[in-house]
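I have placed the structure first, in the form of structure tokens, so that the comments after it can refer back to it.
Which chain is which? They are A, B, C, D and E, in the order written, and residues in each are numbered from 1.
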Amino acid sequence: MSKTARQSAVPLSSHGFIGLAADRVRGRGHLRWLVHAVVLLFVLFWFVPILALLLSSLRPQAETAASGWWMALPRPAFTATNYMLAFDQLRVAGSLGTSLAIAIPTTVLVILLSVIGAYALVRMNFAGRTAISLLLVALLVTPPQITLVPLLRLYNLVGLSGTIPGIWLYQVGFTLPFGVFLLRGFIASIPQELFESARLDGASELRIFRSIVLPLSRPIMASLGIMAFLWSWNDLLIPLLFMGGSSLPPPITVNLAGLVAQTTQGQGPLMAATFLSVLVPLVLVLSLQRHFVRGILGGAVKG
Amino acid sequence: MTSVAIRALRKSYGTIPVIRDVSIDIEDGEFVVLVGPSGCGKSTLLRMIAGLETVSDGEICMGSRVINDVAAKDRDIAMVFQSYALYPHMTVAENMAFSLRLKGIARAERDRRIAKVGELLGLGALLKRYPRQLSGGQRQRVAMGRAIVRDPQVFLFDEPLSNLDAKLRVEMRSEIKALQHRLKITTIYVTHDQIEAMTMADRIVVMRDGRVEQCDTPLDLYDRPANMFVAAFIGSPAMNFLHGMVEKRNSGCSFMSCDGIELPLPPGAGQLEGRPVVYGIRPEHFGLGGAGSLQARIRLVEPTGSETMVFLRLGETEVVGLFRERIAAREGETIPIRPDPSRIHLFDPDSGRRLI
Amino acid sequence: MDITGLVPLLIVLGAIGIPFLVYLALGLGEAVLSLCPPGPQRAMRPWLWLLLPLGLVALILIYPVIVTVATSFQDARAESWIGAANYRWAFSGAMLDVIGNNILWLVIFPVVTLVLALIAAVLFDKVSYEPLAMTIVILPTAISFTAGAVIWTQMYSFQPAGSPQLGTFNAVLQVFGLGPVPWLIQPVVNTLALIFVAVWLQIGIAVLILSSAIKNVGTEMIEAARLDGAGEWRIFFSMILPNILPSVLVVLTTMIIAALKVFDIVYVMTNGNFGTDVIANRLYYELFAANNLGHASAIAVILLISALPVALINIIQFRTEVRP
Amino acid sequence: QEGNDALYQAAVAEARRIAEGQDLSGYVEMIGQNSGVEGQTLEQVYAAFEEGTGVEIRYTGTPDQTAIVQSRLQAGNPPDVADLQLGMAQDFAERGLLADLSSAFGDELAANFSEMLLSTATHDGKVFGVYQGLNPFMLWYNPQAYAGPRPPQDWQAIVEWTESEAEAGRTAWCAAQGAGASSGFSGAQMIENIFLKKYGPDLYRQWGAGELPWTSAEVRDAFEEFGRVIAADGHLQGGAIGAISTSIATGYNPLTADPPGCSLVLWGAWVPGLIGESARPGETIDFFRVPASDPAYDSYELFQSALAVGFNDRPETKAFLRFMASTPAQTYLASLNRWPVANRNVPVDTYPSPLLREIATEFLGPDGVEFAAGPNLMASAATSTAFYRGVVSYMQDPSSLDRILETIEATTE
Amino acid sequence: MTSVAIRALRKSYGTIPVIRDVSIDIEDGEFVVLVGPSGCGKSTLLRMIAGLETVSDGEICMGSRVINDVAAKDRDIAMVFQSYALYPHMTVAENMAFSLRLKGIARAERDRRIAKVGELLGLGALLKRYPRQLSGGQRQRVAMGRAIVRDPQVFLFDEPLSNLDAKLRVEMRSEIKALQHRLKITTIYVTHDQIEAMTMADRIVVMRDGRVEQCDTPLDLYDRPANMFVAAFIGSPAMNFLHGMVEKRNSGCSFMSCDGIELPLPPGAGQLEGRPVVYGIRPEHFGLGGAGSLQARIRLVEPTGSETMVFLRLGETEVVGLFRERIAAREGETIPIRPDPSRIHLFDPDSGRRLI
């Protein structure tokens, strides 16, 4: 799947993707092989643990107990039992729903509010914006544990505890400083002239935000989206704590974590469950990569 | 559709003054061309009028209203940026449609206008492309199109045709002029192209270093430049200058250069007798041969097709002549040239002001 | 009401309804603002835009932080004021022995992550199977800590020399005839081993950020550098790196902060045993095991303060960014 | 299974009986440790309560349960019911945070639970919790590998077997300790077993209650005995370092592997479950009670269990806890084949698995054993954590025992 | 310092062909100017020569070596990008120093060269600025400076002076020319400025739609355009075309336009008698008055200062005349104009080829 083909059916210019394709094919032979070699090595190294996970999830328990996962390669003996058990124990149907109900709105809101915040911070000139930036960066280091009790108390007071929107609120608020922090630089790199041009075209601040900032921040928004989603999806403590008393089933990762502690059936189901729980984020990562386009600002300004 | 008045305008970037005291009054529907050396503050001035730069001091008025504090989006000004500033994520058509959409113009009308402007600019086949898929000149035309689909109070053009070929430029020039005539939209136009400036402008403003040097109709500027700077700046190749004195001769007065070359003067020059002056003559105002010719040594001949540019040495001074004739003479030979005394200018060597 | 029916409703509400409302509120605010004269309008607009983000941050982070600062001067049950005793405790040796580990994390983790992520982002950019490579590198981020710990416990698993190795690394060592290493037990090696797990888990984020920054570097500028005779190294160091510096700083900051408050990995893999303990693990212990709110709050405040230098560096960068 | 269904119906009937005359509604929120299949088993039992009373049970099982309960308690929003470690429950009870259940039960409790169990769940004469499952500790062996006396007369017999195996170049023990945040807890339980069988229930209780200091000679001796017999080089499969770096989830597999990597395991009732398929009762795995060093303490055993407590006085909460403790409910739980249950009126043959039946007979039968409580149940979270870490450190470096014990002792203040 | 040969070059973006079969041979040290309408592929061609675009088909050689597969960095070519492509994170001086640093040139020498080029380009005071702090023309000069501090095998200039004022442009033109002469560096130069093309080029290549229309010396191109396209493209305002026939008259042959206007022909036109032709005459080749004048009705008079552009109606056809004289006549009046028969061109109406 070549990048160019995937990006768009329209042929793209030298300043856009073709230039990239040209980059990719040129270069001295051995250098190219070196690049491939390093990339493959990197990918391989990163993949080995995942492969271990995958193979372990497919092996019968007796095998796993007796030999390392790599023995599945010379001596393949696979079973779907672990997946059946995991599927059952994760209570996929209900938990998946809860997980999605938490992660999707959280992701959307994190992106939206981060762009709003970053835009205001970078593109508007006002006293106190340095202080606010400082505050946001400093808050990045807040250990989540210390926020739990005060917020739980607050939530009880206003009746948010045990509700999904309460969890959105928490996760969005907690991720926002990072989101703003991440988007800031990107928005600063959009040429000033585009904003000016839009302003002259009669665009209000809101319109500029919608028609210029949002579309042009696409790549970084996609990155933030992936991160926010993964964090929300993998978050354990917050849903556990803030969903107390909710009628919804616990999110999938809470069930997953429970499997670690159980004392029967070995670890096969845990491995399988991990795989199942990664499927949704995987689809997301794959689908959002489409937005990682090169030279999104290409052709905008001369000079 | 409105007059624009600029009063004692100033602007600094940090401590660097860029616009220092600019005042221009532009009438409703007037076409003003702004010229000046690179970096003299033309773009900055336009940006201030558009509301994109803060005003350090002075006033900008539209109609009778001071607009220093009016937001750019409320000024209803269309501008072609020197750097184009195209929306990279929108197609050519969308780029042009953006302002129309904001005004709430119906889709059909929008499409009609875009098709028309696209046609006019030769962008018809490119409407679906993105800016990054266009050539430099095509991008510039999109920037142009984005301004002229609108129907604003004021047009600001910052070198809008600089990257177009000569033929297209001539066409565009007349189209813009026609458009401006039809709609009577007050227009401020920056260009480095002399012909553009001369043919399009109702008035030309010559700037230098953040100041206005002269503001006049094109022919007045050409014929009666206020000072040596303007004289040298308008017309290409630039006016030739020779330093010397006005001296009494038998028939009347003549100019005597420092290195002893005598050049004819117009009748009115008598009053300047005995004064040191700078003698200015444009390259196109030399004749070839005839009575009173001077022999000038050729340094370089550059035919441009329609004309021939000849770099000459007149006494110690380098001068340029521009002749309609093809000149076969070669470097080192001499040719007889004759300044047209009715087209010469005299300047004060100290202040640079025009005397005649 | 049927529970499963609730989920789509929630998603629609949260992912469409609320964003729409936010946008609407902004629009409304802008409409009100446009009635104001230009001066106040300019002054108030940023606050209108920042109202929601900042409000949320204030609620979720600032409020608890303030509470924490207050409790850090209180006793274990947060019932009475005891002055700076908790801070004296924090600096009295109880925690000093874990600080060394945190410094190890602080030095090694961000640098290793950054360097590897830069290599990955730059090289992935040059191959056609980038999406695949990217996905694989992000995948660990999608795996929960608990599951990650299980995988890596297996990878690091140790059997004494002579017995068959079930752990991947030791098995590899065995193939090469080397003795097994007790990865998670031998001091320093184990912290390095944990750091590596963290790198494995978190590099995806760094690669994502750097990758989108690299793709945003002007192509023409790079072409110009090529014509100027710059090779790939040069282009990287003289063109790409200076232009993605803001993103590099974001990654570095994120990773430094991650190293400062590293917790999950240590907690799930060794719980600080074998000399791998870190500050945040202490915090967790004080909070939930020892149940000492005062101590825990003091640790949190110290963490917050130690992040200030990092924040300051970012401010310098921010100032250059917003300069027109 | 029909039998199960009948038992389920009996549990439903019991729930109805409990609900009689009360106006129960809404839901009860419960946080427990058990998740996965184990959590599902509990929920199966609670379903009977839901069916019988119409009260919904919202059960969440998580290993992070301590943090959750602590936080929610501090926030003033505890769950209705939680499964707690005994020490924590006692602490809460002392602070008056728990509901007094005495009124909910008649003499039902005394009939169902042993006196000793009841006494651990009582504070100031008020009952604050009930037991469901109950896991005793025992010596697991592989009949194909263990050739020593069955059952061994006393602890010395085991020591001798260990040494003879070591001489033959084989390791007798498996004692993996890796469990992430609670690594070392299996070793801690082994040490406690050794202690109890040597110093008896009274000292054991004092130890747990913080009355016998960790630095005492007795505790020290138990550590050393563990180090000498189990954790010594040549006695322990994988050696000390191997054991602490191996996860308990897989670390006991060598017991039933072919060939076996060890012949003995001193640990809880869950060992066969952990090992899984290759643990074939009677064939590759079997157990006997931990032999005593001092014959006087032969009949005392320690156990592990969580205590279900209520954080409020709602009738639903009380009804639910009462249901949990009831014989029909625990009988049904026993029939689900997970763990031994605490209720002594549950018929032994309810357990489908022979191994569980055997455990129930040996430990919970009428002429069963006496249970004792010590640090395993009573220590605070801080002390437990320190204890577990201490075990790991000790295995790593036996010479640091003094410092380790001092560190643990420091957490009890 | 090397010859460049382009052979049957092709390039497509996706399915859109941009360069279709271009072959040009450029000698060592030659100065070739590339002109053509906006979007015809000039920049693309330069980028291909530089090695920035892949070659779809054909060959590019430097010296005797095919360089299709040589990496851009190894070609030793300096290029001024149409869009400047400055390094935004480097000051003006650093921008210029970059290539020198890569070549390992010592600091002192580097500083010397930069100072010299900076002076030449009028950037002396701006060396410490960043590109974002410069005006459009200043940026363009930096781009220029970056190329000319180097001492490459080949110069590629893509409209390097388009944003400079006329005066500076004239100066720069001669500086570039001088530099190129001195160093004898093979140069390919894209421009839309006719004077630039005519005065600088050894040869001009006229492109259209990815093809080469004509490649010749400037005067040949002006005097003997190969076809109507080139004829119209070279010279501004463009050549006037009239459709009609060559007809026998008493004295010899004349051109008879469709609408019955008779125009003089040069002696050699006899051979074309009876053929339909297109009559081409440049605006500057009309005389005013004299024998055989035609009366033409004035539509618009546009004085440019040195000359006067007059839009006329000759029969049914619009023509443009360019006169040195100031013309006082107004719209609607008529003036007598006289084509110079020795400067006219005849083209085949079907193929557009030049006949005479």
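Rule of thumb we're sticking to: contacts are C-beta pairs under 8 Å (C-beta built on N, C-alpha and C of every residue); 3 or more make two chains touch, one makes a residue touch a chain.
Not measured: the values here are computed from a predicted model.
Shared contact partners of subunit C and subunit E, listed by label, are A, B. Centrality by Cα centroid goes to chain A.
If you compare A-B with A-E, the chain pair joined by more contacting C-beta pairs is A-B. Mean C-alpha positions place subunit C and subunit D at a centre distance of 38 Å.
If each chain is reduced to the centroid of its CA atoms, subunit A and subunit C end up 13 Å from each other. Averaging Cα coordinates per chain places subunit A and subunit D 40 Å apart.
We define each chain's centre as the mean of its Cα atoms; on that basis subunit D and subunit E are separated by 92 Å. Counting only residues that touch two or more partner chains, subunit D has 67, 71, 74, 180, 249-250.
In subunit C, the residues that reach two or more other chains under the touch definition are 149-150, 154, 166, 218, 220, 223, 284, 287-288, 293, 324. Residues of subunit A found to touch two or more other chains are 10-16, 19, 27, 148-150, 204, 236, 247, 257, 260, 267, 295-298, 302-303.
By the definition of touch given earlier, these chain pairs are in contact: A-B, A-C, A-D, A-E, B-C, B-E, C-D, C-E.
Of all residues in subunit C, only 218, 220-221, 223-231, 234, 238-239, 242-243, 324 touch subunit E in the complex they form.
Against subunit A, the residues of subunit D that register as touching in their complex are 27, 29, 31, 33-40, 56, 58, 60-64, 67-68, 71-72, 74-77, 79, 180, 249-250, 253, 257, 270, 273-278, 338.
Contact residues on subunit E toward subunit A in their complex (touch as defined above): 12-16, 44, 47, 51-54, 69, 71-72, 82-84, 86, 131, 136, 139.
Residues 60-62, 64-66, 85, 89, 148-150, 152-153, 155-156, 161, 236-237, 240-241, 243-247, 250, 254-255, 257-267, 269 of subunit A touch subunit D in their complex. Against subunit A, the residues of subunit B that register as touching in their complex are 47, 50-52, 71-73, 75-79, 81-89, 98-99, 102-103, 128-134, 136, 139, 146, 150.
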